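Below are two complexes that have chain A in common, paired first with chain B and then with chain C.
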Partner chain A sequence: MLPAQAPGAYTGGANVIAVLILLAEFGMFRQALLRDQIRLYMAQSGLISVLAVIVGAARHLPELYVLAGLAAALKVVAIPLLLRRLLRGTDLAEGPAGGADIAGSGGLSLASTILVAIVVAAFGFFAAGALGIRAVAAPVTALSVSVSVVLVAFVVMIHRRDVASQAIGLFSLENGISLAALVLAAGLPLILEVALLFDLLVAVVVFGLLIRLHHLTGLRQGRAESLSTADLTSLRG
Partner chain B sequence: MIVIAVLLLTLPVAAALAALVAGARTAQAVTAAAGIATFGLVIALVPAASRRDLSFGTFIRIDALSVVFLLATSFLYAAVSVYCIGYLRGGHDGESFSRYARRFSLGLNLFAWSMLAAPMMSNLALLWVAIEVTTVISALLVAIEGTDGSTEAAWKYILIASAGLSIALLGTIFMYYAGAQVLGQHYNLAFAPLLQVAHQLPHTAVRLAFVLAVLGFGTKVGLFPVHTWLPDAHSEAPTPVSALLSGSLLAVSFYAILRYYQVAAGTLGPRFPRDVLLVFGVASLLIAALYLLDQRDYKRLLAYSSVEHMGILAIGVSFGAPVALAGVLLHVLAHAAAKGNAFMGAGVLVRKFGSKQISSVRGGLDLLPWSGPLFLAAILALSAMPPFGIFRSEFEIVAGGLAASRNVAAVILVVGVTVAFFGLSLATNRMLLSPRATRAAAASRGGPEGRPTGPAPLTRGEPSAWMVLPVVVGLAALLMLGLHPPGELTGLMARAVTQLGGPA
Partner chain C sequence: MTAVLPIPVIQVFQVLTIALGAPGVSGVISRVEARLQGRRGPRVLQPYYDLAKLFRKEALAPEGASWVFLAAPLAAFTCYLTVPLLIPVLTTYGLPLGYMGDILGGGFILSLASFLVAVAALETGSPYAQLGASRAKTFAAITEPVVLFVVFTVALITGTDLPYALAATVRSSAGQIIRPAHVLAAAALFMVILYETGRIPVETHTGTNEFGMIEEARPFEHSGPYFALLKWGSAAKQLILYTILMNVFIAPWGLASSAQAGAVLLAIVALLAKASALGVAVAVIDNSFAKLRLFKITEFASAAFLLAVLGVFTLYLGGG
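Up next is the complex of A and B:
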C-alpha cells in the first residue's frame, strides 16, 4: 500500500477549520451559560467566514468574499447582539442561578451524551465519505465533517432543556449546513445566498420573540427557571 | 399575465401594511377584499396556465402544478379572511380587540403572502426560503393568543419545523451539487433547466437530495414520524389559522416534495421516489387513523385527519398512474375546502361552547341551526362520502393504485380511510347528535339545594353570520368538485398530471 500523500496547504487548512467547527459544536455541550454558548456560536460562525475566504481565494470565486463579509456581519455581530438583547433579564443571561441544572436533559448524563455524540459524528463522517462525491470547491473531508456537525447539533438540541440553548443549537446546525454549502455549492449565486441569510435573520427574530414569550409565560406560572422546557408537557396524545 | 403575478405578490403585502396603519375594522375589510381579489386573480390564471408554462423574470415561474396549489391557498385565504370578521369579534372587547385584530390581520396577510409566493418561485432555493418564511410567520400566529398552551405549541412547532427544514436545505444543496455537475458551477438552482437535464444528473446526489427533501419538507407536510408538531399547533392556534395551516400550509410543503419528485423521477426512474413516498404515506395514514379513534379534543381530531389526508396524497403520488395523480391534485383542492370548512365549523363550536373538548359539546345540531349541519357535512366530506369532492379524488387514487397493480397499498388505503371515518363520525355524532344537557339534568347535577351550578343553558343561534357565509361557499365548492368539476379546472389538472407523470 502506498503511503498517503500529505495534503496541500489549501486542503489541510480547510480541513483544520472544518474540524475546529466540529469541536466548537462539541463545546456547546459543556457551556452551561447562555453567554458562553453565544460566544461559541460567534466563534463557529467566524470560522465559517474564514473558510469561505480561503475557498474563495483558492478557487477564484470572488463572490465568496462578499458572502463571508455578509455572513460574518450577520452571524458574528448582528445575531449575537439580537439574542443578547432579547434575552436580557432572563435567568440564563444573568448568571449561574440554575445554571447547573439547564445543561442536562435528565435522560442521559453529560458524559454519556457526549459518547453518543461521538458515535453519531463518526457515523456521519463515514457515511458522507462513502457517498463518493468528488470534484467540488472545497476538500471532500470538509463535507464529511459538516454532516457530523449537523448530526451533533441535533444531539445538542435533544440534550438541552431550555429554549434558548435549543435555539442556539439550531443556529449552529445551520452553520453545519453552511459548511456543507461551501463544499458543494460554492458557486451558488450571491443573491440566493443573501436570501438564505436574510431568512436566517427573520428566523432568529421570531425565535427571539418566542423565547421572550416563553419567558413571560414562565414568570406568570411562577417557574424558577423561566426558560426551562420541563413544563412543556401539557399537549400530548 | 405579468400583472396578475405581480398583484398576487403585492396584494397581501398591501393588506398587511393596511393592518399596520389603519384601524381594526378597516384592516379586516381590506384583508377580506385582498383575499377575495387574490382568489379571483388565481382563477384568471387558470386558462393560460393550462396551455403553457408562464415565467416572469428570473425568479417567477407558474405552471399548471403551481396553479393547483395557488387555487387551494387563495381559496382558503379568501374564506378565512371573511370568516375572521365574525371570529375576532367574539373573542375580545374594546381596546384589546383593536390591538389583537390588527396584529392578527397583519400576520394572516403575511402568512397568506408567503404561501402564495412559494408555488410561484422558479428556483428551488427560493422555494425553500418561502417555505421557511411560512414557518416563522405561522409560528407567531400560533402563539398570538399568548396562553400557556399556545406558547408551548408554537415553540415545538418552530423548533421541529425549522430543524426539518434544515434537513430540506441540505437536500437543496445536494440538488444544487447534482445540477452543477451538468449545468456548470454558476447554475442557480432554477427548476426548469434542472428538469430538462434530469436524466444526466449523478444518481447518488439526487437520491440523497430527494430523501432529505421528503424528510425535511415532510416535517411540514406532517408525514409520520415527523408530524409531532402538527396536532399541537393545529389545536392551539386560533381556529382561522388552523384552517390555513391544515388546508394550505401542508399542501404547499407537499408541493415542494412534488418538485423534488419530478427531478428524482427524471434521474432515477419512478421506482425509487415512489417507494419512498409509499412508505411515508402508508405510515402516516395508518398512525393518523388510529389516533383518530381516541381523541378528546376536536381540533386535535381534525389535525390528525390532516396527517391522514397528507398520507393519502403521498400514497396517491406513489401509485404514479395518471388517474391517481389526477386524484392527488383534486384531493389537494377538495381537502383544502373540506378541512377549511371543518375548522371553521370547529371555530363556531369553540365560540358557542367555550371549549375544545369533545365531551363539553352536546346537541350541536339543535343549538346551531346553520353551523351544525354544515360541520356535519364537512366531516362527511372529509370521510370521503359522496357527493363531495374527496369521494371523487380518493376514488381516483384507489382506481389508480389498482391500475398500477399496487393492490396491497390500495387495500391499506381503503382500510385506513374507513378507520378514520369511524373515528371522525363517532366524535361528531357525540358532539352534534346526542341530546344537550337540559335544565333539569343540570339541576340534578347541582349542589345540595338542587341549584344548577353550571353556566346558564345555551340558546339556539349562530354567533355570527360572517362565520357561516364562507362555510356555505366552501360546501358549494366541495359539491362542485365532487359532482362536476368545471372544464377549465379539468384541463389544468390534466396538464399538471402530464408534468408530474413525466416521460415515464
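Up next is the complex of A and C:
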C-alpha cells in the first residue's frame, strides 16, 4: 500500500495551527491559576491571528491582515487586560491559595474530565466530517477542529465553577467560531467580522458585570472573594 | 572509502552501536544536566567506568530468591539488544532481520524485558523493589493505549506498521513532517519516552527519594554484574527509544542508504549526535519542570493520550 498523500504546505500548516488551538482549549483544563488561563487564552487568540495571516497570504485576501491585526489587538491585548483589571479586587488573581474556587467542579477528576472532553471532541470531529463540506481551498480538518473547539469549550465551562473561568471558556468558544469562519468563509466582508468582534466585547462587558456583581454580593453576605457560581443557587425565588 | 560491508556485519553494527553508545548518551545527558544546574558534573565517560566497576564486584542475592532473580537481568538485556535488529538504527533499507517484527513486535519485546525486571524485583521480597515494580506496571498499563494510538497513526499514514516504511514516508517530503497527525504522534511518543526512561515530569532520574521512584526502585536488590546489566539495559532502552523517535519520527536523515563503510560510519556518528541532541532537550526539560506527584501522572498520561487520539482523528478525516 502506498503512503497516504501528505497535505500541501498551506493545508498542513493551517491544520497544525487549528490543532494547536484545540490543544490550547484542552490546556485550559490543566491550568489551576486564572492568570495562566488568561495567558493561554492570549496564546490561543494569537494563533487565530497567525492563521488569519496565513489564510490571507495563501488566498490573496488583504483584508484578512486587517482582521488579524484587529483580532490580535482585541483578544491578545485588550480583553486580557480588562479581565485582569476586573479580577484585581478578588483573590482569584493571586491563585488558588487565596481563592480556592478555581479548581474543577469536583464532580469528576481532571483525567476523567479530559477523557470526557476527548469523547466530545471526537463527536465534533465526526459530526463535521459527516457534513461532507468540500470547500475549494479550505482544509476540512480545520473545520472539524473548530467544531471540536466549540464543544470542548462547553466542557471547560461545565467543569469550572467560577465566573471568571467560565467567561474565559466562553471567549475561547468564540475563538472556535472565528476559526470556523476563517476556514469556511475567509472572504467574509470585513465589516461582518468586525461586528463579530464587537459582539465579543459585549460578552466581555456582560461577564465583567457578572464578576463585579457576584463579588459584591459575596462581600455583602460576608463571604468575601468568592466567584463560584455554586453560590448562585441561593438566589432562587 | 569505498569498502562495501556485508549486510550481516551492518546488522551486528546496529546492535553494537546501541549497546556501546547507550552509556555515552546517558553520560552526555547527566553532564548537560549538571552544567545547566551550575555544577561541573560527571565525565561523559562516567557511566562506562561505573559499569566496569560493577562488573568487577561480587554479586549477592537475597535469601529465598530463586533463579529468576539472577536470570532476569540477562534475559532483559538480551531483549534490549534484540530490538535494534528491528528498527532503522543505521540504514534506510530494511536489513534481513528487520522484518522479523513491526513496531508492535518491538514494543512487545521491550515490555517483556520490563516484565522480567519486575518479576525479579518481586522475587527479592524487598518492599522498595516491589513498590517500584508494582508502580511501573500500573503506569505502563496507562501509557500502553498511547503507544497503540501512535501505532495506529503510523499505520494510517503508511498503510503498514513497519518502522522503515514510516521513516521512508517522512523522508519523502516536507509535507509529511508538518501534517498534524505526524506532529501529534511524535509529541505523544516523546511524552511516553519521558515516562519510559523515568525523566522529570514523571520521576527523578538520579534521586535517592524512594517514595517518588518508579523504574529506579526496581533494581535495588541487585548487585555486581547483574546490577551492571540492569543499568546498561536501561541505558540501552533509552537509546533505543531515542532512536525510534529520531530515526523514525523526527529526523530520519543521516542514515546510510548503501552498504558503503563510510556511509555506515557516518550513520553511527549521526545517530549518536541526534540522540545526544534529544538528550540535551530532555535535560532542559529535567531542569525546567517539577516532578509530578504520583497521582498526577495519570494527567500526564491523559495529555499524551489526547495528543495520540487527536492524531488518529485528524487522519481519519483525511485532512491530517
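General observations
In this text, the second predicted complex is superposed on the first by the 223 of 237 C-alpha atoms of A that agree within 3 Å, B and C clash if a C-alpha of one lies under 4 Å from a C-alpha of the other, contacts with A are read in each partner's own complex, and residues count from 1 in each chain.
Just so we're on the same page, contacts are C-beta pairs under 8 Å (C-beta built on N, C-alpha and C of every residue); 3 or more make two chains touch, one makes a residue touch a chain.
These numbers were taken from a predicted model, which means no experiment stands behind them.
Looking at the shared chain after the overlay, A:129 reaches chain C, while chain B stays out of its contact range. In the superposition on chain A, A:22 contacts chain C only, with no contact to chain B.
Of the two partner chains placed by superposition, A:152 touches none, neither chain B nor chain C. Of the two partner chains, chain C is the only one touched by A:12; chain B is not. Shared-chain residue A:206: touches chain B; no touch with chain C.
Using the contact criterion defined above for the overlaid structures, shared-chain residue A:30 touches chain C, although it does not reach chain B.
Of the two partner chains placed by the overlay, neither chain B nor chain C lies in contact with A:48.
Touched by chain B in one complex and by chain C in the other is not one residue of chain A. Within the complex formed with chain B, the residues of chain A that make contact are 131-133, 135-137, 150, 154, 157, 163, 166-167, 170, 173-174, 177, 180-181, 184-189, 192, 195-196, 198-199, 202-203, 206-207, 209-210, 213-214, 216-217, 220-221, 229, 232, 234-235, 237. Those residues of chain B that touch chain A in the complex are listed here as 123, 125-126, 128-129, 132-133, 135-137, 139-140, 143, 146, 148-149, 151-156, 158-159, 162-163, 166, 169-170, 173-174, 176-177, 180-181, 185-189, 204-205, 208, 231-232, 235-236, 291, 294-296, 300. Here chain C touches chain A in the complex through residues 156-160, 165, 168-169, 172-176, 178-180, 183-184, 298-299, 301-303, 305-307, 309-310, 313-320, going by the rule given at the top.
Within the complex, the chain A residues that touch chain C are 1-4, 6-9, 11-13, 15-16, 18-19, 22-23, 26, 30, 110-111, 114-115, 118, 121-122, 125-126, 129, 139-142, 144-145.
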